[in-house]
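These are the structures, in structure tokens.
Next come two complexes, and both contain chain A; in the first it sits with chain B, in the second with chain C.
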Partner chain A sequence: MELRKSYFADQRKDDLHEIGQPRPRSDSPGHVTGKTTYFADRNFPGMLHLKMVRSPHHHARIRSIDTSEAEKHPGVVKVLTAKDVPHNVYTILILIQIGPEDETVLADGKVRWKGEAVVAVLAETERAAQEAAAKVKVDYEVLPAVFDMDEALKPGAPIVNEYHGRNYYLYDSGECRKVRFGDVEAGFAEADHVLEQAYQSSPIEHAPTETTGCIVAPEGNDRFTCYTNTQAMFFTLDNASIILQMPGNKLHFVGGTVGGGFGGKVDVIVEPIAILGAKLTGRPVCFIYSREEEMQISSPRAAETVVIKDGVMNDGRIVARKVTGHTDAGAYSRHSPYGAQKGAGHYPGPYTIPNVWIDTYCVYTNRTPSSAMRGFGVTIGDFALEVQMDKLARLIGMDPLEFRFLNAYRDGDMKAHRQPTEGAALIECMQEASRAANWPVAEQFMAISSYAKGA
Partner chain B sequence: MAIRRGRGVAAINYPTGMNLGGDPTQALVHSTPTGNFMVTLSSVDLGQGMKQIMAQICAETIGVPTDRVVVDTADTDTGPHCMGTFASRGTHRAGNAVIQAAREARQVMLEVAAEELEVNASDLETDGQGNILVKGAPQRSISIFDVALSAHFKRGRSISGRGMFLIPRSYPEKETGAMKPSTCYAHACTVAEVEVDDETGEVTVLAVTNVFEIGRALNPKMVEQQLVGGSWMGISHALYETTEPYYPNRDHGGTDFNQYLMPGPGDLARTEIIVLERPSADGPYGAKGPGEMCANPQIPAIANAVFDAVGVRIDTLPITPERILRALKAQAPN
Partner chain C sequence: MAKVPVQFTLNGAEKAEFIDSGTTLLHALRDKIGDTSPKGGCHQGTCGACSVIIDGELRLSCLTLAEACNGATIITTSGLSERGVLHPLQRAFLDAFATQCGFCTPGMIMAAKVLLDHTPNPSREDVVEALSGNICRCTGYEPIIQAVLTAARSNSQNAA
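So, the complex of A and B:
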């Protein structure tokens, strides 16, 4: 890695003692010698193991659940169903007033994705819990499922989630988050070329080294300590408090070093049910995802589709951009309404365009619920935007890098969401890339800066 | 049939912190009797090294070496509230809270030192090595060790401080979408070079040149580890990863690292990282959040490089050999 101090030197004072110094990480020796303690390194006498009975269907009504055989299985201590969860229907962003509550801790009457948790089994050993889970009998009536966002949005599509009553998230702005800036149709009319293209992505897995999990120990005074690898301590504690209808002061969350998150550990899935198990049995409870659960049960990055329509002039100026983004939330909201909203604030990318129209939708399907992942709301948008930029440049016969210089935002430029640009540095990044990758551009582009024109 | 080379570019920006703000983080700082400093948080270290960075920020602000600072975090019984470690917010939000808390603690420390040295606190400065000196007369000094002992056992002062950082929440205007998504943005430009085998569809990423603008590199070595890791993740996202390889058929999703494809050591490209620093107005010592951004620009840069190599556009991720071969077949004259 190289630090190129020549850029923005007038905006920095290099007079610091500790900041800017490559100090060795104090936790590195522990990591590389295997001494660092992770939550799962704890062991408590009498600790129970929790395993989930999961839906084998993408969408089904639950006619009945029979846990009698599982309860008789040797080593089983407790079997939990929806009726045991005090506030079973929840949504995590309710803490910042983004509702409605739309997801069950344990399925109640219906499952909406393959892998959904239906029954929790607590046993003396992991093996006993797994064997007993296989003995739970659930009678399902399979329902038509929808896996495609376009299909889900068609009239007459099966309703995935009755708590929404429609297959998309309803924002205060309507069926999508909107940004309107200038007159996009007038921009297309004046453009020398109009190019409309569609982009899509697949769900992907965070693949942390350490799988999601927690260990809950009763403190003996009706308080419970939850050792967890959540990425957000109080967010998880406060949501657990709502789900369990238990005052927050009865809960003590302890984290520590986490073996990778990437957004995969900001859902609140394992902690509430493990605390409930500890409360109802009076014993420590361990609930840790297997690698298979981490890869196929925990939320992936959302699948997205992005349609971009641009108007561009022969001289390289983009005069209009219309973006329609769809985020596949899967069966439940989790963080997806936030992700789709974040996309609306991110488009049209780091370029100054006078006419912009953005619609971003959050859609429900019977796929595995998606949620936060490194860059969500932006990553797939950037893939679409930057491939589109390449296509536009070639369409008008310009060098792709020069085309970006021509449209790059600078300090003071008004963005589509009506904030003036501050602290821009796109131009300098491209100038340095031009040098470092030996991708020459015209002299005029190497002479400009992100500072406001005339500043 | 041949191995064809191509090159592609992408340029991006990325907002720091939770979209639309409204995401608070607090910090507490106090000294021990012998002048070491404790930072108390409830933020989570995901392995990226947050504790180390918070220690450096506290040390810089108080004016002591980093090894005099200990960070206690991720315990809800002791640490004040943090919204969490996500949205490229940890360093920016918690860092600002630590600076505020450390400034308050530093002020008390200087007041106690002023009483010991019989001068005004405003006439004192720290040397960054554990001592407090009279400005212009450095022979008049006292160690922070002695200041802390005095504060605890003689003067009854608590060398401590409270910090809180909150960007007020922005609510988008319904019709126009007028809003403030973020207060600062990191930037990147990546050039990718690839080879594409037009017989097998296989893509080999030869090199990625990443230029990242991150506000301020608080610890350059840790910046490097995060940016290199992110760049690898971007390559993996572009070419390999999906939990549903046969979508809309939901079967055959990978369930372990043998089935879920990610790049192995032999698949890693030559990776160049160049860092620019344009300090952000509201960042801790100017820092922005590059944690998420650094995995993004490789994806479109590789897609554009594939086009440059073989003349087909793959607009669906991941860019698999199958998709490349199907596109080549569709494009070929009969």
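So, the complex of A and C:
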């Protein structure tokens, strides 16, 4: 690939040695020889295996839990329930002051999604743990569940999560994240055409080849080493410290080698309970998701709905854009309030539009809690926005790439969320794309740059 | 549980272990013998990460009982390089950026080795077919296919 010297010529250094040069990855020699050490490639004498008893219901009250048969099962060493977890109700973003704590490590009195962890069984072998888990008796009273965001927001819908008390996340801005810029209604009134379209997506599973898990080994001095494939090392350490009410210096996290993550390994799910198991038994503990758990239990990308209403002029200028986005968090927050908020900042897209109105909601349903995945909060939004851009171009009979050039943001433009545009390179990317794809655009668009207009 | 003896050749070395009857070869290799190059991605025969070569044939070690391997000759990816010199497939995977997280790589290399052992000059279709039981979630497969074709070419050049 060639880097064109004409782009940003006055800002560039041309003594770069690495760009455009293939360099061997430092981790590949380990991968091709089978020597790379993933967390599960460790084995400790006396290691216990942890299996989770999970809710078979989408929404239910727990009347009672009877672990007596499971405890008698040969090979079982310990059975854990909610009362064993020092700080059982948590939320991972509390580290950046995004509360309230709304999720249980082990279910206490209620389950809010099918697959929720209820009881943890630790045994000498995986098989014994599995068999004992099947002997745990949980008496449930099934409650009405809600699976659809529109249904969840209707008055009288079953409340999914009492820690919120309503089926949406309450931001400091109210029921949704809001961006207001210019006068969107005046923009629609002035527009030659108005186009409103709805887009929606389903949850998406990351499906990493290595399933989520960790191995915890007691160091014999009240300190625990946790070998994990988390993508969020310090985040996990700090949350484990809160959940276990243990100072961080008692927790030694080892990781960084991840057999595929894609965002699916940033929640704090396996480590705290495995550390607790190691603490209460004094033995090493392995908790690794089965393939079924990886597909059904680990957080997917959130389902989203996006409604975009645009006002456009016959000459191609977009004069107004109104977006309403809904993110399905499932039963618990995890990273979704943040994802929905990212959407609010992102939704105008890389285009300069004088009148913008955005509302994004984070909604609770009795579905599997969703969380991070590759650009979460903006990926589905980008899909919707760019399909919308094509539709708008077609509506006014303009070439779709030229339509984007005309509306592209450039340095100095004020974005709807009041950040001035700096360091934009959209125009240059599109110029290169136009050449690479052999999709010619009018000469005037090949002559402009992302630098401030008129400069 | 009664233990059963198993004995086989692993990457040229004799191995003997007492195992629980019903233990998979994947479990025996990883947790008993300490060869962790075969990976457990599903433990149900769907991902190919646990692929090994038993008596010249590609096998899923998660679906193979260790006790059925008595007397067998087993090869895993950890046994491919000789005295620090990479096997042509390992070299090609390295050069072609055919690894990202690397979790599928040992299994992929096993599947590719069996292909090249049987079909030294494979077509692209042969490669795709041979790797069809191995899932890679990271690379999008194309660099892996290219790596296998490159390794085949370098083998035939060396032979010529």
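One rule holds for everything that comes next: the second predicted complex is superposed on the first by the 440 of 455 C-alpha atoms of A that agree within 3 Å, B and C clash if a C-alpha of one lies under 4 Å from a C-alpha of the other, contacts with A are read in each partner's own complex, and residues count from 1 in each chain.
Criterion: a contact is a pair of C-beta atoms (placed from the backbone, for glycine too) under 8 Å apart; a residue touches a chain by one contact, two chains touch by 3 or more.
Quick caveat, the model's predicted, so the values are computed rather than measured.
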Which superposed partner A:L426 touches (first chain B, second chain C, both, neither): first
Partner chain in contact with A:N43 - chain B first, chain C second, else both or neither: second
Touched partner set for A:G259, first chain B, second chain C, both or neither: both
Chain B versus chain C as contact partner of A:R291, first or second or both or neither: both
Chain B versus chain C as contact partner of A:Y163, first or second or both or neither: neither
Partner chain(s) touched by A:K35 [first = chain B, second = chain C, both, neither]: second
Chain B versus chain C as contact partner of A:D27, first or second or both or neither: both
First (chain B), second (chain C), both or neither touched by A:T211: second
Contacts of A:Y451 with chain B and chain C, given as first, second, both or neither: neither
Comparing the two partners chain B and chain C, which touches a greater set of residues in chain A: B
Footprint overlap on chain A, where chain B in one structure and chain C in the other make contact: 22, 24-25, 27, 31, 207, 258-262, 291
Residue numbers on chain A that touch chain C, as the complex places them: 22, 24-25, 27-38, 40-41, 43, 206-211, 258-262, 290-291
Chain B residues touching chain A - in the complex, by the definition given at the top: 7-15, 19-20, 22, 42-47, 49, 51-52, 55-57, 59-60, 63, 65-67, 73-77, 79, 81-86, 128, 169, 172, 174-182, 184-185, 187-191, 209, 211-213, 216-224, 227-228, 230, 233, 237, 241-244, 247-248, 250, 253-257, 260, 262, 272-281, 285-286, 291-293, 295-297, 299-301, 303-304, 307, 313, 315-318
Chain B contact footprint on chain A (complex, rising order): 1-5, 7-8, 11-12, 16-27, 31, 58, 96, 114, 147-148, 172-174, 177-181, 197-205, 207, 230-235, 237, 251-263, 266, 291-292, 295-296, 300, 303, 338, 341-342, 344-346, 349-350, 358, 367-368, 372, 374-375, 377-380, 382-387, 389-391, 400-401, 404, 408, 416-419, 422-426, 428-430, 432-433, 436-437, 439, 450
In the complex, chain C residues that touch chain A: 30-31, 34-44, 46-47, 49, 76-78, 80-81, 86, 89-91, 93-95, 97, 99-106, 109, 135-138
